[in-house]
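Please go over the structures that come below.
In what follows, subunit A forms one complex with subunit B and a second complex with subunit C.
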Partner chain A sequence: MRYLGLHLRARRIPAALAAAASGTLVLWTVVAVFSEVPDADISLVTLLVLLLAAVVAPTLGGHDDALDRTSALRWLPRRAAHLLVALVIILALVLVTLLTGARFGPAALVLRDAAGLLGLTALGAVALGTARSWFLPLAWTLPVVMTPFAGASVPLQALTWQTQPHDNRTAAVVATVIAVAGLVAYGVRGSALRDIRSAA
Partner chain B sequence: MRTISAAETAPATYAWSVHAEQLKVKAGRHLAVDGLDLRMQNGVHGLLGPNGAGKTTLMRALATVLRPAGGKLTILGQDVGGRGNLRQARRGLGYLPQEFGFYPRFTVREFVEYMAWLKEMPKHTIPGAAQRAIERVGLTTRADARMKTLSGGMLRRAGIAQAIVNNPLVLLLDEPTVGLDPEQRLDFRELLRDLAVDSCVLVSTHLVEDVVAACTDVLMVNEGRLVFQGDANTLIDHGGPNDAGDSPAERGYSALLRRARNGGVA
Partner chain C sequence: MTRVLRVQLLRFGLPGALLILLVGTVALFLDRGLWSGGWMELAMEQRDHLMLLCPLALAIGGWLARREHRATVTELFAGTPRPQHQRVLLTLTAVGLPIALAYPAILAVSAPWIMATAEYLPSAAYGVVAVGVLAVIASAWTGLAVGRLVPSPATAPGLAVAGFVAVLAGPMAFREEWQSVLASPAWAMSPWNEFQTVPAAVSAAQAILALTVIVAAAVVLSARRWQTRSVAAAPIALGLVAAIAVMPHDYDRVTIDPVAQELVCTDDAPRVCVGRAHSGLLTEITPKAREALALLAKLPGAPTSAQEDTDNYLDESDIKPPPDGVVEFRMEVGPDGRLADAGHLVTRMLEGGGTSFANCTEFYEIPVARAAGSWLSGRAPVNDPEEAGVTFDDGTPYTVLPETTALWEKLRALPEAEALAKVAAVRKAGLECTDMTGLLG
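Let's turn to the complex of A and B:
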């Protein structure tokens, strides 16, 4: 257990958990205080999940990518477990609000967005490195939240999958594809090498 | 006393600890190591070369951080150039990068123990191995100090401690003496000689004098290729009175570099 504890600290997990809990509390408070209905608006639900996915981003790599790479550990199952545990924690944090007077749901939408946005973060880590891994989910989701799409065009529904209703099949398929791609790419390759000397 | 495993006493089934043939490695898009041939056995090997010669990229390829773009690379008898499994070779490797990142709130002991765990050392051996590594680099009194409180020289020594914690058979040290004071450098040379008894140590440095004093074998790279491999005396023999440098070894270095730049290989 001692070494798992060291690993969690090296991956900044305590700070990430604190940030995730605080972020959830702040958004929950906003809805609890200012909303006239108990259910949070879909854009707020997506924003909360986006925030939580971004909080996971710095935990996807250690403090030195080069030293991590020289490790003899079997990384694939560890990386996959990292993403799955992150998904469970995000779901737990968001879905616990369903028991309160300010609800972030429904559960199917939270699951879809959490899986898809975590997948995007993981793809970001593989392509851009740990430190910039949150660029990808943020760059895709913020414009979608600001300009939601409610039409029947399937390509546009796919493009705005984060804010589609929870029973939209296209959005579910897109989120699943991204989640699986992120899981496989990050599991096999890990974060891109972006350490101090990588530009040399 | 530490326990010696059966794997450590088993005879090696390979001729060279490190064997590279026509090795090519990219640093970004640039081919920083370009057709390098290298063979190394146990001992201290000093890696010299001007800035940009490919020393750090070569070190990173040998440390299995970068995959070669071409050629063949075998470490401890394991082919690490292709898509093969690198774990076996990595267990026997120690690597100190030129600069390294660390969790600033770790103590020196926690840092070294964590790196030992990453190298898959048996858990019950980790505390003893970490303590021994910390003692060998002279950081015993700071073992429980946080990494963020260490000076540059102490950080360097903590980095060396993590590199040697698993008693590596191949130890790669990229500019290990930066930030060490003269006394610490002398201690470090002693440590190198000690380590080289049963491992292959490659030390990259700009300090020609360190190489002459501590290395049994001198390697020199220029523009991604090996331009010299031999002992320190042979390096010195290459220097003439008209070559630049304040010592015979520096004059030898200058002469070899000039010859390499003019297209010749020693």
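Let's turn to the complex of A and C:
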């Protein structure tokens, strides 16, 4: 228990949880107040998941990752668990809106985007370090939300997987690949150690 | 001071500005078909991209504020005699100046694409660009201010997503177009056609609002206490009142510029005219239009000049039939800034013996009109590339080719004089707007 508490504090989980909850609340309020239909637009669902993935990003590293690694702990299961718990929390936060008057769904879409964007964030952390881990998911997703693609071209569907309909197979495959790659890469390597001063 | 500014510029402003330049240029390049028609379209399309550039500038501001915070020199600097507002001014300049220059730099990089063909540059276009510059500065400084107040690692990405949601969904919260335009600098900026404009009053109202956000962000940054920071609400409130007062409340997103619609003509006969917005394409169009006029010449009462149809079809009161003896044509500008489907301009002008569907939507029979045109040109009917992608209700691609070809074959089989009389009848029906059905049957 003591280790868990220390880990949560070192990764600034309370602040991240507060930010995630308030971000969800704000977007939920926007839809609840302004939308004329109960289901949030697909772009807003993607943006909410993106926001939550970005909030998770700073928790992928601690104050001093180099120091962390000197400890004789098995990091792989810890890092994997960290990502999986983050996924569960994102799903819980978003899917609880399905019970309310402003629904962010469907669940399959939220699961796909959450897993894919978390994987992308994790890949970003491995490649660029914790502080810059959100570059990748944001740089990919925001242009895609701005220019949705509804055609039949498979490469373009793969490129715009975040905003494809929830039953699109190409998008699901891409998200799964990214999620697994992110999980494995982050589990094995952890955040890159470059530029420790700006990390977190 | 200048040395500090130079260091700050190199470390802070320049990377962000380069990023904005890169993103803005790539976005414009990918969308070039939407703005290749002229300078106003370019200015508007770039404003449309603020949907991406504003969140980007917000994130850059938030990121830089975080970096300042990470340097942990706030207390050290606070111990120096230089007043806080001077230091803040340095940071604001170092961030704002390069970003403000990056926005017109995007235009400078993209302009050569249409430099050879775009001529008409209305002064309203400068207003559209000015609002864009103010909007990116306002975003970057707001990012700095929020990043200073909430120095968390999640601030920059959070700002980017929040800014994106604000620009995307903010305008939809309002019912009136003029309110939506104040809510987002990117709203209603996707160009509809080359004759469109943004009234100066609209740009002025948006500029006032952006300026007040800039002032408010500067106040928040240079203040040390919450009491002083709350003063920032004053310029926002004032600006909102002023912007609402300046904004024309009957604003429509498709406002047509009558000067752009004015006709520019060739000096020599036969006269060919295009709208001022397309004046750069007159030399390209003239030979094609004259070719069509020459082919029409064998008809009785043949038209002697050609002009572009610059009517705005969203506004019924703006649709006017052409003067007598004039054949009208509509034209599109391709992604390269030149005439789109150049090979089809003559075909379109010959349709219905030089009459147009637009002036007789009720009785115009497209297969009949096209068969008549094909007979005049002596070439087999083809599908118009403008109709590519159009489908019937059941999803099959739209085409009138089989009927047109059948009618054309019938015409071709007739003796010259008889066929000419039939085509002349089609022209008469098109001009007087009477039923065309069976005229070639």
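Following the convention adopted for this analysis, the second predicted complex is superposed on the first by the 194 of 200 C-alpha atoms of A that agree within 3 Å, B and C clash if a C-alpha of one lies under 4 Å from a C-alpha of the other, contacts with A are read in each partner's own complex, and residues count from 1 in each chain.
Operating definition for what follows: a residue touches a chain if its C-beta (ideal position, glycine included) is under 8 Å from a C-beta of that chain, and two chains touch if they have at least 3 such contacts.
Bear in mind that the values here come from a model prediction, so they are computed numbers and not experimental data.
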item	value
Partner chain(s) touched by A:7 [first = subunit B, second = subunit C, both, neither]	first
Partner chain in contact with A:101 - subunit B first, subunit C second, else both or neither	neither
Subunit B versus subunit C as contact partner of A:38, first or second or both or neither	neither
Which of subunit B and subunit C A:131 touches, first, second, both or neither	second
Which superposed partner A:165 touches (first subunit B, second subunit C, both, neither)	neither
Partner chain in contact with A:63 - subunit B first, subunit C second, else both or neither	first
Partner chain in contact with A:77 - subunit B first, subunit C second, else both or neither	neither
Which of subunit B and subunit C A:193 touches, first, second, both or neither	first
Where subunit A meets both subunit C and subunit B, residue numbers	12, 197-198, 200
List of subunit A residues in touch with subunit C within their complex	12, 15-16, 19, 23, 26-27, 30, 33-34, 43-44, 47, 50-51, 54-55, 57-58, 130-131, 134, 138, 142-143, 145-146, 197-198, 200
Interface residues, subunit B side, partner subunit A - complex	27-28, 56-57, 60, 63-66, 87-88, 90-91, 93, 95, 97-103, 105-106, 110, 113-115, 117-120, 123, 126, 162
Subunit A-touching residues of subunit C, taken from the complex the two chains share	27, 51-52, 55, 59, 66-67, 70, 152-154, 156-158, 160-162, 164-165, 168-169, 172-173
Contacting residues of subunit A [partner subunit B, same complex]	2-3, 6-7, 9-10, 12, 62-74, 193, 195-200
